[in-house]
Structures are given as C-alpha cells and as structure tokens.
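Here subunit A shows up in two complexes: once beside subunit B, once beside subunit C.
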Partner chain A sequence: MSTTPRILPKGVSEADFDAALARFREILGADGVLTESDQLAPYTKIMMAGDDADYIPSAALLPTTTEQVQGIVRTCNEYKVPIWTISTGKNLGYGSAAPGETGQVMLDMHRMNRILDVDPDVCTALLEPGVTYQQLYDHIQEKGYKLWLDPPAPSAIAGPVGNTLDRGVGYTPYGEHFMFQCGMEVVLANGEVVRTGMGGIENSSSWQVFKWGYGPYIDGLFTQSNYGIVTKMGLWLMPEPPAYRPFIIQYQDPEDIEEIVDVLRPLRIAQIIPNAVVIVHTLWDAGTHVVRKDYYDGSDSIPREAIERIKADEGIGEWNVYAALYGTPEQIEVNWKIVEQAFGASGKAKIMYGEEAEQRGGGFEYRSALMKGDMNLQEFGLYNWRGGGGSMWFAPVSQAKGSETKDQTELAQQILGKYGFDYVAEYIVGWRDMHHVIDLLYNRQDPEETQRAHDCFAELIDEFAKRGYGLYRTNTEFMEQVAGTFGEPLREVHKTLKNALDPNGILSPGKSGIRQ
Partner chain B sequence: MPHTTTVLSRHLPSLTGGALLLLGSLLSTTALAETPEAREPAEVYRQVCAHCHAPDKAVGPEITITFPEAAWEARGNYIRNTVRHGRAAMPAFRAAKISDAELEGLIQALVSGELDDAPAQGGEE
Partner chain C sequence: MKLTRRQLLQNGLLLGASAPLSLGAAWAADSGLAPSPVHGPIRLYGVDRSATELGLGLRQQGWEPRYEGRLDPLALNMLPAGSLATGFTDEAGLVLLTSLLAGRGRVLALGLHEAGRHRLLSHRGPMVEPLAVSAGSWQAALGREYARLAQVEGVGRHVREVERTPDAATSATELSFLVRL
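Moving on, here comes the complex of A and B:
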C-alpha cells in the first residue's frame, strides 16, 4: 500500500472527493474515471519552466457525451470540485495535458471525438473536441472532398477545437483560427447546454454558416476562458484552390526585417498574399533540422559568428519569408509579378519557388506542407536544437510595421542574451498584426537552467508590456502575470462574468488568470 | 508556369448547394466518423508516431528497428514508459489518445519489426 499522501482538489475533503468520484463513476463508468498514479502520469508532463509538483491532477474524467459532461459539472458544483478541461492535450509548451494547478480534476475530452458533419458544398465542419487534425484530414481524404485544413505546427496530434479555443494560428489563408469558427455547443457550469449563433433555432440549417445569430455575440467568451465547456464547434474549411505556389524570400542582414514587413504589409492587407505568412529567423529555420552543439557548445547565447556559419552551411537567410499564392494559374501569375516587383525593388531579396526553393534546404518542404494544410510535425525538430525538453512560447503581438518589428526583435535578443538563451523566433503575419513567436528553448533536466528560463520569461513579459506589447496567449505558469499586463478594469470584467456564470468556480480556475 | 501545383477540379465545391443538412436530426442520430475502439498498430504508428519518428522526419529517433526476441520485454517496458510519461521533448500520450490495448499492440509490432517498413504518410497525395 502506498504511503504517498493523496492529492486532493484544493479545499475539498477526502470524504467529499470520494463521494464525487463515486458519482463520476456512476456517470462515466469505472473506466472513465482515472485515479491511479500510472494512469495520471501522462497528465503531469510539462515543457514550461514550472515546478512539476505544481501540476499534478487528483483524477481524470473521460466523458464521451454532452450529457455526461452535464452530469460531471453538476457533481462538481455539489462537491465544489474544480476541473481543468483539455481536448487533445497537445498544447505543447503552453501547458500540455497538465492541470492549471495541483489537485484539479482533469476533464479530458479526447474521447468525444466524433466528426458530426463535413459539408463539401458550404465547406464547413461540425466537430467534437477530441477530433484531431489527422482524424479530420483522413476523413476528408476518404470522402474525396476537396477541402483543406489549417493545422498549427503540431498538426496531426492536436485538434481544431482546442486550438481554436486557445486562439491558435495556422499557415493557410484560414490561419487565424477563431475567425473561421462558426457556432458552438457549450455546457455551462450549471449544467445547462447552450448553442451559440444560429444553433438555438431548432433544426437550423445555418448554424455553421452564419456566426452572429441574434443579440449579443458570445462565442468569444468561451475562448481562452473558463466560462463553459465547449462540446461541439463548427468551423469553416478552405476549398482546395485550382493552383498553389509556395515560395521563399531570403534576406541576409538582421536589419532587413524592417523592409520585409513594410513591403509585405500592403500585399497582405490587399490579399495579394492571402495566407498567414511567416518571417523566420535563422535559428528557427535551422533549428528544425540542425543541432546547436554542432555549431556552438557554450551555455551562453549563440554568438553572431556561429549564426553566420549556419547561414552559409545551410543556405539559410537571416530572415526567411515563407508565403504562398492560391487561386487559378492565371491569378497566380498576375500576383506573382506583383510579389516579384515589390520584393525585388531594393535588390536585397532572393526570391525562390519550385525546384530552386526545394534545393535550398531549410524548412521549405515542411512549410509548403503546412501552407496547404497537410499534416507535418517537422517543426518539433526545434526541440532538438538545445535538447532537454524545455520549451515556452513567448508570443507578443505587434502591428505589421517594420519599426515595431525591429524594436521587438532587438528587445527580445537583449533579454534572451542576458539569460544565455538563443533567439529562436518567427513572425506570423496576420492581416494587420503579427504574432512574434519566440520559442524559449532550454534544458529542463537542469534545475538552474530551468529557473533561468523562468526568470527570463517573466522579464520578457514585463519589459514587452512596458513598451506596449502584450501576449496573445501564454502557458499556465504565467497566465496570472500576463493577465496583469492587460489592466485591472478588464480583469474585473472577466471576474464579474466568472462569478455570474460559474459562482462555485469549478471550471478551470486560473485559466487566463480568471478566478472567482 | 512549371512550378505551380495545379489541382484537378473534379471535387470543387458546388455552388448550387444540394440538399441542406438538418442539424437537429443529424445530431440526434449518428456521427459521420468515429475512431474505432482499437486501431491496428500500423494505423497508430501512421497517425501519431511516424510524423516524428519516420526515418525521413528525424525529429525523434527511429523506433521501428527489430529487436532480438530476448530484449522484447525490456524494450517494451521502455516504450511503454516513454509513451505514458514522455521523455525530454517527447510528449506523454494518455490512454484517451492511445488506449492500453493499442499501446500493447503497438509495442509488439515495434519490437518484432512488424512496422519496419511502415509508411511515413499514408493517405497523402
């Protein structure tokens, strides 16, 4: 018999927890309630620089129906048991499948994995939260539908519902995922079920085609939040275009980032280049397939001299723009001329597509796959760059203006350098905004380095906020700090909504810094 | 334009719509696709493992190399532990993602070399 102290939800007695578990077993069956340590082990693996002891669940629940989720939240209210909801649990570097804090019960939605509808005419889907991109991809292939997905980099093993709810991004013209969401079914904390948009109309045929419904639009309340549990979500799928041309533009000088963004912005806003373009720094482009120690073995930030050697050896630019054109062959020819003219003006850019781009190495092959919605996890090669399994995504937003990009790049490199980490980064270009995504890679096997990564991330948040830059998303270790940068009035509104919708605070306490 | 991929239009979405689906009745009946209870080892490998571990991906180490039978148990324990707990950058996979039955089947197929030639990306163009 184990002598290890039992993990309990915060503020819940052992007797009440046992009573709740018994009720959960009535609802889900014994195999839908996990309490043994070996069953819970996969829910404890994190990549962020937090203490493992802070992220241990007390149990995990595996519902398969909306009705079971309703029963679970009613039980949680009765016994004041907090649950932390995950879908596919592959939000790697953001908290993975671990709870927000030790003692919370995992609500693991992965077994709710039905593809309820894919409509090839209006190009929509209705999915449960456990559906993975790979599952949906296979279904579309099997049916022969000419529809494309828009996966984030973890593609195959992650899922559209969870990624959209965390407001993730992909790389096709449908890259801003929440923009292409349409209609939700949500279990509220009181056990009631609400369908958003047109979903409240019985037998509505327009739930997945018209977002706004009638009255206040509320779908956004259920993203990056803890106000309800989404059990179904509609999304729009991109029709496969008649033609597709991925391309790469390389620039060699660090200062060129300013020109790239200013040339790109009008092309992106006018939809000449319609997809979520990435501007990838050398170390990211190389890091997906090159190991750091082959170029530098120091524990400080990799020096300029080593970066230049990587660029020369790998044929990689300081900045590498991956983008694509979509449409008919004739449309692509017209737009290609515009792209060539715009980027060719200064004489600094090297523009490549087709065989020339394929032979150039770097990330062209996998980027080409992602920009057409294929399943590809090559980006995880970044985790081999430094090794040790530590990763945190620092992702401040900026305007798509070269001056801001230059400012953010310099600030990030200065702070990362101070703590001995590398600037492994890319910009993802939206219509008018950019996500400056920096993978803070560190050796999580080394406690000193882990603490250093933690301190570095905290300083990045604060220093960027001082200059007016906020994060679009963060990991569970830093949700409270990031929420603080957005100001008290907004936090008060979040709290007021929380108290109204979830008065017992049972749903994912601490998500995005929101509590009772 | 030799380097632009041109896609045949045989399944381009129709603008005429066709029969509209009544979601109310749809949701009360069956789903279009459900994951089977237990997937075959090759299917688990294709859907999950191959994206990183296939030789042409090289994100993670190759895992389909045949082991001598005397080492199957030890190797199996290593794989089971790695899948459930994760290891460095390798994520942990829960039973909700790869069931116990699927994992045992996968382990047997891996150690015995059954998946040695498993394709990295079945179903792709």
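Moving on, here comes the complex of A and C:
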C-alpha cells in the first residue's frame, strides 16, 4: 500500500505556498482553488512514457477573468510559484492536462469560456481559451450563421485557442490553425496585459481581420511557448461553401505512398484540393474501431500477414487518402475531373465518393464530418487498439515529396519494429509540407513496455533529426530533447526572451524546452 | 455482452413500472440486499456482467444504482453537481472521463482489473475489501468497497495491489471508476 505526501512547488516552502494559496483564494474564491488529491487526480493522468511521480500538480487554479489571471501571476512572482497553463486540457497525445513537472500549479483556463464575438460578415471570432469547438459550433448553429469550424480529431471537447497555441492542425481548407489566427490578448508574467496586431488601437474594428498591426509581429512568440498567458484570441472562420464533396482514394501496396504524395503535391499547391489531406495507414484507419488482439496477440509488431487480414476484413487500403472538394457544384465538377485524371493515371488508385465511399469500411464517415468541420470523438478508439493507456504522438515534418515520405515511413517502421510497436500512422498534407503523425500506442501498466516506449520515442527523435526531420510538436516528457535537435543558437534566443519577459520563471517552466 | 432483462431485474436496475415490485423484492431477499436504499442514487455504467455485479455490491450497502448503459463521458456533463457515478469502461472511456473531470469533479477511486491482479487507486483513504470471491464475485466486492468510499469524507491517495483470483474471464482487463461530479 502506498500513500502520497503533500506536493509543493519546487523551491517553495510550505509556509510560502500556503500564503500563496490564501492569496489565490482571495482572488478566485475558494471554489477556484483546488488542492485536494481527488480534485487534482484528473490533472495527473498522462499517456506518455514518463514516471507518474514526475507529473503531479500541487494545486489547480480556475480563473474566470483576465483580471484574475493578472492577480495570479503577480502572486506567483511574489512567492516564486511556477504555474503550468492549460486551456481546455485536452492535448491528450502531447501531455494531457498534467503539469510539465511535479509541484507546478495548474492554471486551468476552462472557466474562461466566453464567445466574445462571431462576425458572420467578415467570418471571424474572438474567443476566450476555455471555449470548446462544440460550444462554438453550437453557438454558430444557434445563430444560423453559414460558417464552418476546423476542429482537430478529438474535436468536441478540445478548444480552438489551445489547439492553435500548440500549432495544431485540422482537416478543412483552414487546417493550419495558426495561419488563421488573428489578434491576441496576453497577460505577461509581470501582470501587464498586451493586445497584439491591431488590438493596441483603442476601439479598433480590425483586430480580427488584420494580423500584422505595426512593428514586429509577435503573435508567434505566444505559441508553443511560456512567454505569456493568452486570455483572448481571434480566428478566422471558413464560410460554408455551396457544395462539398468528400472522397477517398485507396492504394493497396506499401510502396504506393511515394506516388500518392507526388500526385497530391501539385493539386494541393494549386489549391485544386484545398483541404488538409490525410493519408491514413491501415492500422490507424482500422484502429479507431478494431482491437489489435482480434488479429494478433503477440507483444512484437503486428506482422504483415495480420495487416493484410485487416485490410481484407475491413475493406480498407494500405494507404487511405481522405480529401474533399469545396465550392460551387460547377467548380467541384471541374476539379473532380482533374483529381480523377491525376490519381487515375497509374491505374493503382481506387477513387470513391458518395454512396460507394460510404459503404466502404474504415473511417470515411467521421473523416467526412471532420473535413467539413463537424464534431466527433471517433479517434479515441485508437486507445483501445493495444490497450493499457499509453499513447505518444510522434510528429516529424517533411516536404510533401514522395521520396521523403518513403524515407520517413521506412525509418519509422524500422525503429518501431525494433522495439516491438506498431506503425499506427497518418500523413497530414499541408500546402507544401507534411506532418507525419505516428501514434506510439503501448501498455503503460507494464513498466518494461513503458521503458521500451520511452527508448523508442527517444530514438525516433534522434534518428529522424539525423536525417533532417524535426518534430512540429511533442509531449512534455520529450520537450527538452526535441528542443535540442533544433540547435543551441535558437535555444539561446528562446532563453534570452524568457529571461526578459519572465525573469522569475513562473510561466510554464520547461514548455518547449524553454527555461531561464 | 448486453445485460439481460433478468440481470437488470436481479439487481433492481430496471426502473419504472416494468419491474414488478414483488419480483424485485424476491431477488433482494435472495441477494442480501439492503431492504431499501438509504444512501441515494448512484449512476452505474457498463454493458456486461461486471456492471451487474458492481450494482449488486452497491445495493447491498444501501445505494440505489441507476443503470445508464455504456459510459458516455460527455453525458456526465449534464448531471447535477455532486452526482456520483461508477462502473466499468474501456481505455478510451477512461481517458475521456478523467480528462473531462479536470476542474469539474473528483476521482474517488479507479481500478485496473487484469489477469492475476487488481490495482486499486483510492483518493478516499485505503481500500480494505480484499475483493475475494468467497462472498460472491470480485465485482460485487468492489461495489461494496466503492459504496463505502462514496461515503468517506477524508481524502488521501492510496494505491493497493491485490491478487485477482482466476475466474472464467481472468484474462480480460477491465477498468472501473468511482467519481463525483
């Protein structure tokens, strides 16, 4: 039997922490300060291959206003209490709602959930960080606006502000979220509030339509960083198109990935296919609704023979391309002919849309919903694929070129195979880049397997970096290592900025490997 | 496996006029249930025998389990503050459940029940029931333990591992939870 003693922030005495908590209660009220273990338990749930003991918060704070956030950071400065900020806390593949290290106080922004403005004419929104995609979707439906969102896969419960600040992606033409962000309100570590872009102009009507403002553009400094706490964010919404045609293209051979990407790239760059296309491997496509042990019970990587059985049983390909066309019916017909011609040239592709695609197995239904900004939670099914609650998303970036894709796929499969894990992966194709997203699924209840997953992830980072592939995002356990792959000069700049903006190091220490 | 009507009746989980009171009373007499619930309702989630047995254990300790079917964590948001919920779910359900409770509720206890062992995490002090099958199923014993923890006021995180006696479904891993919104 084991028990856990009281957790304190690193370097903070019990007396100082109690004094800080008393101040937090003055600012937030008693119900805005959580300290009991059963209240903090949800903030300790991690899925990455780290030690549970390294990710336990000392308290959680639940502000409802920007002024309260200002009061919190002033108190943190006084008592040197480090806080770790989350918005809705659903960054499940990248650290969940847990702190960056044990003892940090969670700053949970989910109660700051006001939709401050949605403008149906210029198609913009201004939101607080606790707003969820579902909440915004419901608001738009209620108002009858013809606007679409761009949610990530675990969409309903996640939020646009947090996802954009972590530079997440979605699946509509607005899939690169930070590209469609416009204007922020940020509480700095000293308690001051700054508005970026046009937000500094009093009564500006262009805060959500003109990104750049005047002078250096600084919005990017507050993404994947710990330089401030974003309390409001503007974003652009996609006008609902007159027509929409989601489709799927299946390829059956592992080597086909090279052709897929080379055919797709010019169509993406020319915006014939305007959305963030996903090329989904068999195991991801099946893993959202199939359990691994139904096909293979070994502790090593699932063999080719089992993958072929899944493909046959589920009616899915080795690679499954989900994309869509948007516009008027006439535009769609023209673009559809171009797509058919491009993908049909080699004779390898099976192109489907409408009823034929709907009748096929795999994820067409939920992918079609995502590509038009509708909510679903289908991808949570991946956590049942192997079981045991372990999941880490490894997400290197490459050019949208077949040769790079082939190289990345082979390298990933080789390293995952060495450690006995499955290649559960997809490529998300941007305008010119690709995010290769691999869900390293493992059993966290097994210490040996967890250690193996840790070693595997670390090797993936290093080996991909050696070939010139860096990660666009990672979980808290590996932020330091990933930051190291981007080189010391960049880290020095990050550190210099940190020291200038947050001299006491109270804001999310260690986020993206950035510390004082 | 879905719960059969008979199983639902056995544990008083089928509500409304379709559950004959006399039949329910007869089952209650056979199962060592408390004569009438004294602690109030508790939402019960799950779709197989484990949920049935968990409900039995809760009723034996005077709770009134209300069977809700498969866990939909999003539906928990609709429940009034202070509501208790328990049951079994899968990995995806547990991830969603714990995630949604952040800042909104309390995790009183979690259980990992796998081949050879039960791993029990309590935030309401130590778990004391051995989950022995001598007094029925381990799930019913877990229900009695969760019934007790639901009433404990003191807090404190305790982890305990106990041997899982081999049974018919001994290789199946199950995840249980007890939460308060």
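Heads up, the rule we're going with is that the second predicted complex is superposed on the first by the 512 of 516 C-alpha atoms of A that agree within 3 Å, B and C clash if a C-alpha of one lies under 4 Å from a C-alpha of the other, contacts with A are read in each partner's own complex, and residues count from 1 in each chain.
FYI, contacts are C-beta pairs under 8 Å (C-beta built on N, C-alpha and C of every residue); 3 or more make two chains touch, one makes a residue touch a chain.
Values in this document were obtained by computation on a predicted structure and should not be read as measured data.
**Q** Would you sort A:G387 into first (subunit B), second (subunit C), both or neither based on which partner it touches?
**A** Both partners, subunit B and subunit C.
**Q** Applying the document's definition of touching, compare subunit B and subunit C: which contacts more of subunit A?
**A** Of subunit B and subunit C, the partner in contact with more residues of subunit A is B.
**Q** Quick check for you: in the superposed arrangement, does A:N499 touch first (subunit B), second (subunit C), both or neither?
**A** neither
**Q** What is the contact status of A:Q414 with respect to subunit B (first) and subunit C (second): first, second, both, or neither?
**A** Neither partner.
**Q** Output check: A:I157 vs subunit B and subunit C. Expected answer is one of first, second, both, neither. What do you get?
**A** both
**Q** Where does A:K45 make contact in the superposed view: on subunit B (first), on subunit C (second), on both, or on neither?
**A** Both subunit B and subunit C are touched by A:K45.
**Q** Does subunit B (first) or subunit C (second) touch A:S37, or do both, or does neither?
**A** So A:S37 only meets subunit C here.
**Q** Does subunit B (first) or subunit C (second) touch A:Q445, or do both, or does neither?
**A** Touch partners of A:Q445: subunit B and subunit C.
**Q** What part of subunit A is shared between its subunit B contacts and its subunit C contacts?
**A** Shared contact residues on subunit A: 34, 38-39, 41-43, 45, 47, 60, 62, 89-90, 92, 96-97, 108, 110-111, 156-157, 377, 380-381, 383-384, 387-389, 445.
**Q** Provide the residue numbers of subunit A that touch subunit B in the complex, in ascending order.
**A** The contact residues of subunit A facing subunit B are 34, 38-39, 41-45, 47, 60, 62, 88-90, 92, 96-97, 108, 110-111, 113-123, 126, 128, 130, 132, 134-135, 137-139, 141-142, 144-147, 155-157, 199, 202-205, 207-208, 232, 239-245, 289, 325, 329, 332-333, 353-355, 374-378, 380-381, 383-384, 387-389, 391, 444-445.
**Q** Where on subunit A is subunit C touching in the complex?
**A** Interface residues on the subunit A side: 1-4, 34, 36-39, 41-43, 45, 47, 60, 62, 86, 89-90, 92, 96-97, 108, 110-111, 156-157, 377, 380-384, 387-389, 445.
**Q** Quick check: in the complex, which residue numbers of subunit C touch subunit A?
**A** Listed in rising order, the residues are 74, 90-92, 94-96, 98-103, 105-108, 112, 114, 119, 123-124, 126, 155-160, 173, 180.
**Q** What residues of subunit B sit close enough to touch subunit A in their complex?
**A** It comes out as residues 1-7, 9-14, 16-18, 20-27, 31-35, 47-48, 51-52, 57-60, 84-97, 121, 123-124.
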